[in-house]
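Quick one: the structure is below, and I'll ask about it shortly.
Chain nomenclature is as follows: A, B, C, D, E and F, assigned in order of appearance, with residue numbering initiated at 1 for each chain independently.
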Amino acid sequence: MRLLNTLLPTPARSLLLFVVWLLLNNSIAPIHLLVAALLALVIPQLTVSFRDPQPPIRRWGLAVRYIARVLIDIVLANLQVIQLVLGPNKNLRPGFVLVPLSMTEALPLTILAGTVSLTPGTVSAEILPYQLDATSSAPKYLLLHVLDLQNEAELVASIKQRYEQPLKEIFQC
Amino acid sequence: MSTLLWIVVLPLLASLFATTARHWQRSKLAFAVAAFPALALLLLLPCGPAIFSGEVLRFQAQWLPLIGLNVSLHLDGLSFLFSLLILCIGLLVILYARYYLSAQDSMARFYAFLMLFMFAMLGVVLSGNLLQMWFFWELTSISSFLLISFWSSQSDARKGARMALTVTAAGGLALLAGIVLLGQITGSYELTVVLSKTEQLQQHAAYPVVLLLVLLGAFTKSAQFPFHFWLPNAMAAPTPVSAYLHSATMVKAGIFLLARLYPLLSGTDLWFLTVTLTGLATLLVGAYFALFQHDIKALLAYSTISHLGLIVLLLGLDTDLAAVAAIFHLINHAIFKASLFMTAGIIDHETGSRDMRKINGLWKYMPVTATLAMVASASMAGVPLLNGFLSKEMFFTQTLHQEILGSLSWLIPLLATVAAIFAVAYSARFIHDVFFNGEPIGLTHTPHEPPRYMRVPMEILVAFCVLVGVFPQWFIGDLLTQASAAVLGTEVPEYSLALWHGLNIPLLMSVLAMAGGIVLYINRKHLFLFQAGFTEQAAIYRFDQLLQRFEQGCRRVTARVDNGSYQRFAGVMLLLVLLFSGAPLLELSSLKGNRPALETDPLLMAGAAILCIAAIATVLTIRQRLLSLVMISVVGLMVSLAFVRFSAPDLALTQLSVEVVTVVLLMLGLYFLPHKSVKQSSPGHLVRDLTLATAMGVVIGSLAFAMLTNQTDTIAGYFLQNAKTGGGGTNVVNVILVDFRGFDTLGEITVLGIAALGIFKMLTGIPRFMAGADGEGRRWALDPHPLLLAVVSQALLPLALLVSVYIFFRGHNMPGGGFVAGLITAVAMILQYVAQGVDWVKPRLKVEYSTLIALGILCAAGTGVASWLFDKPFLTSWFDYFELPLIGTIELASAMVFDLGVYLTVVGSTLLILANLGKVTTRYRPMHKEQL
Amino acid sequence: MSLLEWSIAILVMAGALFVLLGSFALIKLPDFYTRLHGPTKATTLGLGSLVLASMLFFNFVQQQLSLQQFLIALFLFISAPVTAYMLIKVALHQKLVPMLNTRHQDLMKQRDNLAKGNDLPTVEKLADSD
Amino acid sequence: MQHAVIFPILLPLLTAALLLLPPLQASLTKRRWLSGLGLFLLLLSALFGLWQSGAGVQTFYLLGNWPAPFGIVLLQDKVSALFVLLSTVLACCCWLYSVAGEDERGAYFQPLLQFLLMGIHGAFLTADLFNLFVFFEVLLISSYGLLLHGGGKGRTKAALHYVLLNLLGSAVFLLALALLYAMLGSLNMQDMAQRISQLGPQQALIVKAAAGLLLVVFGLKAAILPLHFWLPAAYANASPAVAAMFAVMTKVGVYCVLRVFGSLFASNAGELAGFGQDLLWFAGLATMVLAAIGVIAAQNLKKLVAYLVLVSVGSLIAVLSLGSTAAIAAMLYYSLHSTLMAGALFLLADLIAAQRGTVQDRLVSGRPLQQAWLLGVLFFIAALAVVGMPPLSGFVAKIWLLQAATESQHRIALWSVLLLCSLMVLIAVSRAGSTLFWRVNQQQVSGNRAQPVQWSAVVLLLACSPLLVVFGNPVMQFCLEAAMQLQLLPNVRATGGL
Amino acid sequence: MLNQIVLVAMLVIGFALLLNLWALLRGPSMPDRLLALDTMYINSIALLLCYGIYSVSNLHFEAALLVAMLGFVSTVAVCKFMLRGDIIE
Amino acid sequence: MELVIAIVIGVLTSCGVLLVLRAHTFAVVLGLTLLSYAVNLFIFASGGLTAGKGAVLGQTDIYADPLPQALVLTAIVIGFAMTAFLVILAIRARAELGNDHVDGDSGSRQHPDKESRL
C-alpha cells in the first residue's frame, strides 16, 4: 500500500492523465496504453512538488453525480440567459451577493466557485478573505455577481444545498 | 652585391642596438653606434673605383612582386654621392651629438632615432625600385618626426614635429600616387625600366599628373615655396638633428628625387616652368626672410630654404650644365650648412640662447669657433676661395643661358642676383651680429670654447669648404662628374671647375651681390622697420589654427550627420529600403503575374478586416500601452488563424505559443516602463513618418502581390518526395526543420539560448524601482495569488506536461514538435509563476536553467556529431521501424533526439528569461504591510 | 442527409448561434458585470455543441476514432470560471461602476474590508440597506 | 578529417555549451581554460582549413547528407578559410586580453565570445542564404550580449540603437529572402546564381528589388554610409576585448557583399549582372570621407578607432565594387590588416585609458602614463600600421588598393579619397598620440599597470602587421588565388562534395 | 449540404468575431476589452472546430487546444498585470 | 485572395513602420512585432497560397510548399528571441537612463516623465 502511495501519490491525477493521453491520441492501441500508463506514473512524480496538499476525493459516485448535475444546470442556465440577453436591458435586476461558506479547503472551494460561475446567471467574484499568507484567516465568504437577482436568500440557500453540500461530502471536509 | 644591402642595413642594426644599450656609458655608446655607419662607409668606399668608371652596382631580391615592390638597390654616381654625404655627415653628427645632448636626454633613444633616419635616408638614395624608394621616403618622415619631437615635453617640439610630419606625409602621399601612376603607365617600378620609358611617359596623357604629383612630393620634402613653412618650425629639434636632417640629408631627399627622375620627367615645358618658378620663388622667399630672423637656427633654416630653392631652380633650367651646377651646390651646401648648424648648436649650448639680439661679441670668448663659423658663412655668402663661391658662380652662369621665360628670361639672373644680395646680407648678419656687435646681453654664465671633440666635426667640414674651394677638381671633380652623369642619364657635357674663368658676367654678378649685400646689411634698419609692419603670426600658430578650425569643422559635420537620434537612423534605413525595393516596381509593367489566383471568401475578408483594424488600433492606442498590447494580441491571433487557413498548422501552433510568451514578456516590460507615454512627435514628424509608413506599406504590399502572382518552381518537390522515405516523417515541415535544414534549427535554438543568457546578463545588477500604482494612479490590488487561479494552475500543470509530450512525439508525423512542446511546458511553468509567485516556484524547481540550455544545445549538436560515427556528414539522420510483440510497430529516429535538444533549449531559455525577470522585483515589493 | 448528419448540422448551427449570442451580449448588455455573464456562459454551451458536433462527425460520419475535441471542452470548463473570476476581480479593483439598478453595490466597497479578514456587521443589514 | 569544414562552427558551439554546464560554470579558472582550449583547437582547425583550401579545391560539406541544393551546404574555399583564420586569431587575442579580468565584469563572457565566433564562422562558411540569415542572428544576438558586457549607461544606450537597427535589418533580410525564394525557388547560393540567368523580365525586376533589400542589410552590417550610424557609438562603448572582437564584424558584412553579390549577380546574371556596384562604389567613397572626418572629430581614442574601422569599411567597399580580381585580392589583404590593427587599437585604447585617471581615453592632457614607454611604442606601431606608413602592413595594403583602380575615373576618385583620408587619419592619429603620451601634466602616475596577458594580446595582434609585410608575398598570393577562386562559379549540382 | 451548413456556421462565427472586435474597440473599460479579447479566443476555437468539420481534417485540433490554453494564460496574465502590476512576483 | 493577403501585409508593414519610428521603446517594440508579423506572412506567401491541408503527407494530394513554412518557423523563433532581448534591454535602458526614450534622453521636446523619478 505504501508502495502504491509512493508510485501513485495522486491517483485521481494519474487516472486523468491516463485518460487524457488516450483521448489525445484517439487510440487504445497497446503502445498508447503502455505510454499512457508510463506517463500517468511519471508526470505526477515530476509535478508532485508543484501541488499544495488537497483533500482526496472520498466518494467517487457522488462526484460523478455532481458532474452530471452541473452539466444539466449549465444547459438550463444558458437557456435562461438567452432570455435575459435578448430581452430589454431595463428588465435586468443584477446584484452582488455574499454567500457565507462552511468549508475552507482550497480545492473544494475552487470547484464550488467554478461551478457557480458555470451555472445560470452567477459569477464568482471573490473568495473572502484573501489568503495572503499563512496567518490569514480561512475563507468565509464567496462574493457573487448575479445577472438577475430575484430572491437573494433562495439563491444562497440553493447554492449551499445544491453545490456546497455535495462537495463537502465528496471531499469529506 | 649584398654589400649594398649591408650598407643600408647597418644603420638599422645600429638603431636596434641603440635601443638595447640604454645603460651604456655615453662615449662608449657613441663609439659603438658610430661603428655601424663607419663600417658602412668602409663598405661603400671600395665601390668608388667601379662607380668612377661608370659602373652601376645593383642588388635585387623578390619581395612583394604582386605590387611590384622588390628589394632593389642601385648604386650609381648620384647615390654614391648621397650615400657618402649621409654617412660622413652622419658620423660627424654622432660625434657632435655626444657632446651636445645633456645628461637628462636619453642618448640611446636619440641614436636609435638618428640611425633609423640614416637607414631610411640610405634606403631612399640607394633604391632601385620606386615603391621601395617611397617606402624609405616615408620612413624618413617618420624618423624625422621622432627626432624633431625628441624633447616631447615642449609644446613647440610636438607641434613642429606634427607639422613637419603632416606636410611631408601629405607630399609623400602625392608622391605615392605619382609613383603608382608612373608604374601603371610604364609597367614597372624598377628604376632602370622606368627611366628607359621617357618617351612613353611624356607622351602619355597623364604625364602632367605624374609630374605634378612627384613634384608635390619633392617640394614638400625639400621645403619649397609654398610648403617651406614647416622647416623653420622643425628647428625645435635638437641641433644635431637640424645639422643632419635639415641641411644635409632629409631636405635633400626631394632634390635627390628630382635628380633621380630627371631623365624621365625633365625636358618638357611643364617641368621647366614649374620647377624653375618654384625654385626661384623659394630662393627669394628664403633669402629675404632669413635676414629678419633673430633666432640663429631660424636664420639658418630660411637660408636652407633659399639654397634648396636655388638647387631646384637649377634643376629646372634648360641648360646643359644646370644639373651639374645643382649637384655641385648641393654638396657645398651640405658641407657649409651642417657646420653652421653645429655652430649654432655650440652657441646655444654655451650661451643658453639662440637669440641674436642677446648674443653679441662672442669672438672674445670662442675665437676658434668664431673663425670656423666665419669661414663657413663666407662660403654660404659665396666668397671666393670657398666652395660656395664656385657653385654659386656656376649657378649665375646657368641663369644667363636659359630661355625658359621666353622674352622675360632676363628676369631670372636679375632675381638670382637679388637673392644673392640677401644671402650676403644674412651671412654678414650671422657673423657680425653673433661674434661682434658689442657685448652679450643677459647671459647667465660666461661662454667659452666647447669641448675639444665637439668642435672636431666643424673643423672637418670647414676644412672641406676651403679645400673644395681651392682645389675643386682634385677633391670632387670625378664624384661630381659621375653624379651628374647619373642625373642626366647621358654623357656629361664639358665643364671646368676652375677658380678663375676670367672677367665675365657671373663674376660681375658675384661682385654685385657682395657689395649689395654689405650695403644692405649696413642699412638694414630701414628694412627691419619695413618688415616689422607685417605683424604676422608664426606659421606654426597659423597652421595650428588652421588644423583646429578644420577639426571644429569636422566635429560640426560629424555632429550633424551622426546626431545620435535613433529615429533618424531608422528613418534613413527605411527610406533606403523604400527606394531600393520601390524603384524596380516602377519599371514593372504589371504587378499581376500569370499564376492563377485563389478565390476570396467572406470569412477571409472578415479575418483580414479584423487583422487590419486591430493593427491600426494598435497604432492608435500606442499611448495607452496595455490597450495597445491587447490590440496586438488580436493581430497575433488572426495571423495564427490565417496560418491555419492557408495550410500551415505548424506555423499556427508556433505562432500561438510564441504569442502568449511574448505577451507575458511585454507585460513584464510594461511594469517597468511608464504605463502611458506623453505625445512626442511634432505634427511635421508625424506627417513625415506617416508618409514613409504608407509608402512602405504600399511598396511591400505590392511586392507581396507581385511575388504571389509570379511564383516559380521551387525545390519543394524534393522535400515532399523524400520526407517519408529519407527523413522518416510525414510532417514535411517538421522533417525540414529537424532534418533537411536541421542546421538552421540548431542555429535557431542557439539564438534562443544566447538571448536568454544575454537577458540574464542584463538583469543582473539592474537598478530596481517599483511602480506603486498603475497608469491611472490606482494602488495595486492586495491579493497577490488569487486562490482560484492558484488551485487551477496547479491542476493544469501535469495536463500541460502531458500535452507537451504529446505534441513533442507527434511532431515528426503531424503538426507539433520540440519547439511547440517546449513552449507549452514553459507556458505551464509561467502560469505557475503568475499564479503562485517566484517564492513558491523557486524551491520546487531545482533545475539550473542555463544547464537546460546547454544540455539542449549539446543534445542537438550531439545528434549531429553522432553521424560522424557512421562516417556521414554532420546531422545525417537515422530512423528505423521496430516490430515489438504485443505493442506493434514503433519508429525510432535520431531526429527525436535532436528535437529533444530543441525542447530543452526552449524550456531553459524561456524560463531563464521569465523567472529572472520575476526575481528582479519580488524582494523589493514594499506594498503588503503598508496596505494592510 | 441522414439523421446523423442532420443532428450534426443542428448542433453546429446551435453552437454557432450560441457563440453569436455570447458576442452579441457583449455589445448589448449595459455594464461590465452583466456583460461578463453573456460570453462566459453562452460560449461554453456554444463550444459544447460544436465539440459534440465535431465528435459525432469524425467518429460516425468519418468513421475514425476522434475524442480529442472532448479535451477542448474539458479545458474550457476548467478555465472559463477562472478567467471570469480574474476579470471580475479586475473590475472590482478598478471600481467599475455597475448599472444603476444593481443591488448590494455597497458589497463592492466592503470587499476590501472583508478581504483582510475583518467581519461585516451582518449580511442582513446589508440587504436592508439596498 | 573530412568533417573539418564544420569545425569552425561546431567547436565554439560545443565549447560554449560546455561552459554553461554546472561544473565549469562555477569556476572562473576552469571556464577560462576551457574557453582557451576551445580557441586553441579552433586555431588548429582554422589553420588546417587554410592548408586544405590552399590546395585549390573548394570543399562542399553537405549537411545531413542531403544533396545540394536541397540541404544546407557549407563551402570552404580560400576566402572563407582566410576569414575564419582571421577571426580566430582575433578571438584568441581577445580571449588573452579578457582573462586579465574583463571576463569577470559580467556573466557569460566566455560563452558569448564562443557563440559570437560560431555565428561569424557560420556566416563565413555557409553557402545557403537562409542559413546565412540564421548565423547572422547568432552573431548578432551574441554581439548584443557582449556589447552590454560590463554594464553602464553608455553601453546600454549604444546597445539599444544597435539592437533596434539590426532588428529592422533582420526584417529586411527576411523580405529579401522571401522574394528571392519565390522568384528563384532555391536557397542555395550557387543554385540561385544559376537560376537567376533564366528569369523572365518581370521576375528579374522583383529579384532586383530583393537585391536592393539585401544591399541595405549587408550595408547595415558592414556599416556603409548612410547605414553606419550604429557603429561609432557601439564600438566606442563596448568593453575592450569586445570592441576588438567587433573589428571583424563589419567584415562579415563586407564578406557577404562579396560572397552573395559575387555569386548571385555575377557576369551571367543577365541584366542583374554587377548589381549594386555603382552604388557601392559611391557609398564606399562617401563612407571613407565621412569616416575620416569622424576620425578628426573624435574626442576620445575609442571613438577615433571606431571611425578608423569605418574608414576601412569604406575602402573595402569601394575597392570591392571595382570587381576585378586584383581589386578583390587587395581588398582581402586590406581586411586582414585593418581588422587586426583595429583590434589591437581597441585593446590598446583600454590600456591607455586605464592609466590616465579620470580623463580616461579623452584626447586632452592628462597624467603621465605609468607604462609610457611600453604603451607608447605599441601605440606608435599601431598608428603607423593604420595610417599606412611603412614599414608595416598598412602601406602594402594602401599600395595594392591604389593599384586596384586601373580606369582613370576610378583612379581619380579612389586615389584622391584614399590618400586624402590617409592624410586625415595621419593628422588625427598623430594628434592623438602626441596628446596621450606627450601632453602630460605634472600629476603622479597611477592607475592599473597593464598586465602581461593584456599587453601580450596587443603585441600578438600588432606582430601580425610586420608578419603580413615580411611574409607578404605568400599572403598576397593567397589573396589573389582566393579572389580568382571566388570568381569561378562552381556548378553545385555537379559537385559531389562529401 | 452539411458542408454548406457548416460554412454558414463559420460565417456566423466570423460575424461574432467582428462583434468582438467592435466590443474590443468600444470598451469602455480595460476589463471590457479584455473580456472581448477572451471571447475572441473562444470564438476562434469555435471557428477552428467548424473548419475541422468543413475541411474534414483534424489537423486543426491542436491549434484549437492551444488557443484555449494560451488564451487562458494570456488573459489571466493581463488580469494579474492590472491587479498587481508585476505578473511574476 | 492574393490581393487580400497583399493588402494585409501592406497594412501590417505600414503600422509597423509607423510605430518603429516612434520615440518610445515600447512603441518601437510593438512596431517591430507588427513588422515581424508582416514579414512572416511575406515569407509564408513566398511559397504561394494553398488552402486546404498542410504539408503533412497522406492527408491530401496538393501540398503547400513546406519550405517557406519551415523558414517562417525559424523566423518566428528568432524573432521571439530578439523581441525578448529587446524588451529586457528597454527595461534596462529605462532603469539606467531614467526614461524610455529610444535615445535615452528625454530631449528638449519631451515633457518631463512623471515616473522617471520612481
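The rule is short, and it goes like this: contacts are C-beta pairs under 8 Å (C-beta built on N, C-alpha and C of every residue); 3 or more make two chains touch, one makes a residue touch a chain.
In this text the structure is predicted, and so the values were computed from the model without any measurement.
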Shared interface partners, meaning chains that touch chain D and chain F: B
Innermost chain, where centres are averages of C-alpha coordinates: D
Longest centre-to-centre distance from chain E, chain (CA-based): B
Chain centre separation (chain C, chain E; CA means) in Å: 13
Whole-Å separation of chain centres (CA-atom averages), chain A against chain D: 62
For chain B paired with chain D, centre-to-centre distance based on mean C-alpha positions, whole Å: 16
Intercentroid distance (Cα basis), chain E paired with chain A, Å: 23
Residues of chain D touching at least two other chains: 130, 134, 137, 141, 144, 148, 160-161, 164, 168, 175, 178-179, 181-182, 187
Residue list for chain A, restricted to those that touch at least two other chains: 20, 24, 113-114, 124, 130
Per-residue overlap in chain C, given as positions that touch at least 2 other chains: 24, 36, 66, 68, 71, 75, 78-79, 81-82, 85-86, 88-89, 93-94, 115-116
Interface residues, chain D side, partner chain B - complex: 3, 6, 10, 13-14, 16-22, 25, 61-66, 69-72, 106-108, 111-112, 115, 118, 122, 130-131, 134-135, 137-138, 141-142, 144-145, 148-149, 151, 160-161, 164-165, 168-169, 172, 175, 178-179, 181-187, 191, 195, 202-203, 205-206, 208-213, 215-216, 219-220, 226-227, 229-230, 232-233, 290, 293-294, 296-297, 299, 329, 384, 389-391, 395-396, 398-400, 402-403, 406, 408, 411, 415, 419, 422-423, 426-427, 430-431, 434, 437-440, 472-473, 476-477, 480, 498
Touching residues (chain side chain C, partner chain A) in the complex: 18, 21, 24-25, 28-31, 33-34, 36-38, 40-42, 44-45, 48, 64-68, 70-71, 77-78, 80-82, 84-85, 88-89, 92, 98-99, 101-105, 107-108, 111, 114-118, 120, 123, 126-127, 130
Complex contacts: residues of chain D adjacent to chain F: 130, 134, 137, 141, 144, 148, 152-153, 156-157, 159-161, 163-164, 167-168, 170-171, 174-175, 177-179, 181-182, 187
Complex contact set, residues of chain B against chain E: 602-603, 606-607, 609-610, 613-614, 617, 626-627, 629-631, 633-634, 637, 640-641, 644-645, 649, 652-653, 656-657, 659-660, 663-664, 667-668, 670-671, 771, 774, 780-781, 783-784, 789, 800, 803, 807, 814-816, 820, 824, 827, 830-831, 833-835, 837-838, 914-915, 917-918, 921-922, 925
Residues of chain E defined as touching chain C within the complex: 1-2, 5-6, 8-10, 12-13, 15-17, 19-20, 22-23, 26, 29-32, 34-36, 38-39, 42-43, 45-46, 49-50, 52-53, 56, 58, 61, 64-65, 68-69, 72, 75-76, 79-80, 82-83
